[in-house]
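When the chains are written out, they are named A, B and C in that same order, and each has its own residue count from 1.
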Amino acid sequence: MELFANLAHGFAVALSPINLLMCLIGALVGTLVGVLPGIGTIATVAMLLPITFGLPPVGALIMLAGIYYGAQYGGSTTSILVNIPGEATSVVTALDGHQMARQGRAGPALAIAAIGSFFAGCVATVLIAVLGAPLTKLALAFGPAEYFSLMVLGLIFAVVLAKGSVLKAIAMIVFGLLLSMVGSDIETGASRMAFNIPELADGLGFATVAMGVFGFAEIIRNLDAGAEMSRDLVQQKITGLMPTRKDLTDSAPAIVRGTILGSILGILPGGGAVIASFAAYTLEKKIAKDPSRFGRGAIEGVASPESANNAAAQTSFIPLLTLGIPPNAVMALMVGAMTIHGIVPGPQVMVKQPDLVWGMIASMWIGNLMLIIINLPLVGIWVRLLRVPYRLMFPSIVIFCAIGIYSVNNAPVDVVLAGAFGLVGYWLIKHDFEPAPLLLGMVLGPLMEENLRRALLISRGDWSVFLSRPLSAVLLAIAAGLLVLAVLPTLRAKRDEVFVESEG
Amino acid sequence: MMSVRSLAGACLSAFAALGAFAVPASAQNYPTRTITMIVPFAAGGPTDVISRIVTAHMAQTLGQSIVIENVVGAGGTTATTRAARAANDGYTLVTGHMGTHAASVPLYPKLAYHPEKDFEPVALLAGTPILILARKDFPPKDLKEFVAYVKANADKVNAAHAGIGSVSHASCELLNSILDVKPVGVPFNGTGPAMNALVAGQVDYMCDQIVNAVPQINAGTIKAYAVATPERNPSLPNVPTTAEAGLPAFQAQAWNAIFAPKGTSPAIIATLNAAANKALDDENVRKRLLELGSVIPAPANRTPEALATLVKNEIAKWTPVLKPAT
Amino acid sequence: MSDMPSEAPVKSILPTWVRGPQDFVGGLAMMAVAVFALWASSDLQGMHGFSFGAGTAPRMFAVLLLLLGGAVALVGVMRDGPQIAAYSWRGPLFVSAAIVFFAVAIRPLGLVVSAFAAFLIAAMGSHETKWIEAIIVGGCLTLGCALLFPYVLGLPMPMFPRFLIQ
């Protein structure tokens, strides 16, 4: 079996002391980066590139890969503890994870996130090793039309994950879409709604808006007179650190489903991994016996998206390892790291650089093992951190967020913008608008618009491409079905008011 | 409360005093502290890699470390604007390239700097050849057929590029203007996604820098018609030059060069230029640059004066080709 | 949030036919955002041929938001809903001030000064703050950040005020 020979070779490479050390450093730094709000993986990988100059290429890439998937583990921590998602993929984790923390169940939430991520990481690693090459076809089968339809589906997910009014959730998605339009137009380069502010020329950063509407807004809200009680309550009633048997039986199928969804979506370059966690959450909410538990501390709502985002983080290496094409910005940096070392990745990288490819695949499994060993004991520490009085905690979070946002582009304007979005977020909370659909709209907006325009350019303005291409048609059909499912209950429940709502 | 107020006061007065403290840098013992090199593109990209390889060697020569600061945005113009406004003491430099110091002039009429008026040229570092690439099953077999095919099917072909202002966009516009065709330009976000679309056969052709394309060409997933330089590139010995293949008018290179803010003292420029020259003569540096497919300029082309001429010529070359992006 | 019992609702200044002020004002604000976006994108090119143009998508979403905002406001008129929750000024003011101070100070004054000062400014946002404790924790945190960000994570950041280095 060639596969086993390859894997054995990979483990031989990955288990060398220097590579084990690199893997550990990557996992540790990744966890740290994920935990610190604002600091993104892109910024960190970019900053650590020069350090990898002096390292052997395999070790360097093992470390950078470790940072990338390690950050997925760490990212859930801030989402759960302080309701600040550092990456697009951990937005949905904050929904139920932070509610669990408020109910004193931060421990089980953190633990299940780590366990789910570990399971997903292991499965996805095997998938890369066994099916990496054939799965590449999927990445190439997705053209602009398919991506557009996938993004439409993603927006429908955003409607489903709202726990309150569907109408307001849709308004928030559209608000997010509008925010995502700020910046340069992809086709003409025209500056859109940027008001000649140079820092807006490339649009609003995800971290900037996320830190604002989640992080800063949450802090400001917690400082409101009268909010102390609910805050202190969180600190008093911390229960067990580890998930109960019931938690585990509830989460197990969710973890499996999340892993499958995440593994598939992760392969798609150009936005697949972003919607993996949203898709997983939507699926759980749709098939749950009691969907109303979601958004109020359902453990499946943490287990499934966390598994999905980690699985997607692993399988997103497939296009890089088999085609040599980086599917996202972090991977593009890894290509940079490879070129610095004189390896230009391409379709033949698996044949030409077996040490690198199989060593990296093996190291991913080892890295996931390390991460769960690091993260489970950390749960206790994180939960203890919740006992820090809020009067000391909140200025600290403000500082961490501010430094984090600044570090993304070295741009002070980004920090001010995040502050402004904090006030916007505070206002949204006061008017019972949910920020999660807004963020999803913001992430998916450019992907949707750009792919729509590419598809129409290639088809010379023929809209039927979205239906005549089978993959695209299937995705749109699923989207339409989900939308009906999402709107129907509202219609049935308030038949008399429907008339009013549709009038606008 | 008192302590906070006095601290705030101290901060404010410190703030006000900032201007007064600017000590003029002495050119004799330059450099005496860390130099910041602004790179207007993301870490890991061609400009960043070239900057890092060269500055690592320059730092040894100068005896001071050179910190790379990646400032991304608006086709590199955000970072270049910042560099233009930086103190002209030789401690802030920028790696400019074809886009930031030539193509930006026609593309952005409201550009906050002018490549010639706001910068002192220091040294040309490297050129990256541009290739004409096509999907592997695109009918034309060589460049002559390609030219005929594109002219005959101008309303059917799609040309991919990596976004307005990118090297691939500018060079594709140049090619189109030489061929006098206006194919549909399909914009992507960066060379990765554009290459993905080309490999998948969703678009027909594009122009791109050699470094991204070599492994794909070697694997047969895309094909190359010609390289737009006077000489063939050692990493692709079988790909003819545009002159050999019958389109000598199409010449394009993505060049990278060091610039300093206007008014930086000539002594400092000379020190930096000497260090850059020494780096480009170093065997290890040359080897790494060649691995990237880069062309290392001949010593005569590395002087500040030669760079000034290059910038002037490049602006003249790109201005009629690129229309403003408002 | 509306489910906070201790938060006293503001007395409504809106006419009595507005039955759900929270939704009504929320919807109107969304409409205002939409109108602003329409104005901001009015100079952009629209559809020409099969090319989408820069302005089409922003205007489309702005119109959509205008309609949705209208619908939300209409719900606020037609259906009983919560009052507008009370805003406090202290938290927003000092947290924003801290953020803005950090942004202005990080380049000229460096991480150490700006992080410590921003910590103390933010701390003013809570009436629970004990100053000696805040100064000690702020100092330790600043020290931690000064080691963590530039050295462990390798992020290039000015550490000390610029005039001290030169």
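Quick note on the criterion: a contact is a pair of C-beta atoms (placed from the backbone, for glycine too) under 8 Å apart; a residue touches a chain by one contact, two chains touch by 3 or more.
A quick note: this is a predicted structure, and the numbers were derived from the prediction, not measured.
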Chain centre (avg CA) closest to assembly CA average -> A
Report the chain whose mean Cα position is at the greatest distance from that of subunit A.
B
How many angstrom lie between the CA centroids of subunit A and subunit B, rounded to a whole number?
32
Where the CA atoms of subunit A average out and where those of subunit C average out, how many Å apart are those spots?
22
State, to the nearest whole Å, the distance from the C-alpha centre of subunit B to the C-alpha centre of subunit C.
37
Where does subunit A touch two or more other chains at once, residue-wise?
47, 50, 185, 187-188, 190, 410, 453, 457, 460
I need the residues of subunit B touching at least two other chains; which ones are they?
69
Touching at least 2 other chains, the residues of subunit C are 120, 156
Show me the residue ranges of subunit B that touch subunit A in the complex, using the header's touch definition.
42-45, 48-49, 52-53, 56, 68-75, 77-78, 81, 107, 110, 112, 158, 163-165, 184-190, 192-193, 195-197, 199-200, 202-203, 211, 214-216, 218-219, 221, 288, 291-292, 325-326
Would you pull the subunit A residues touching subunit B in the complex into a rising list?
45-47, 49-50, 53, 139-141, 143-144, 184-191, 196, 198-199, 201-202, 269-270, 319, 323-327, 329, 331-337, 339-340, 342, 344-349, 409-411, 450, 453-454, 457-458, 460
Which part of subunit A faces subunit C closely enough to touch in the complex?
29, 32-33, 39, 43-44, 47-48, 50-51, 165, 167-168, 170-171, 174-175, 177-178, 181, 185, 187-188, 190, 192-193, 195, 216, 219-230, 389-392, 394-396, 398-400, 402-403, 406-407, 410, 412-413, 415-416, 418-419, 422-423, 426-427, 429-433, 445, 449, 452-453, 456-457, 459-462, 497, 500-504
Touch list for subunit C against partner subunit A, complex:
1-2, 4, 6-7, 22-23, 25-27, 29-30, 33-34, 37, 40-41, 44-45, 49-55, 57-58, 61-62, 64-65, 67-75, 78-79, 82, 84-88, 90-92, 95-96, 98-100, 102-104, 106-107, 111, 115, 118-120, 122-123, 125-126, 128-130, 133-134, 137-138, 141-142, 145, 149, 152-157
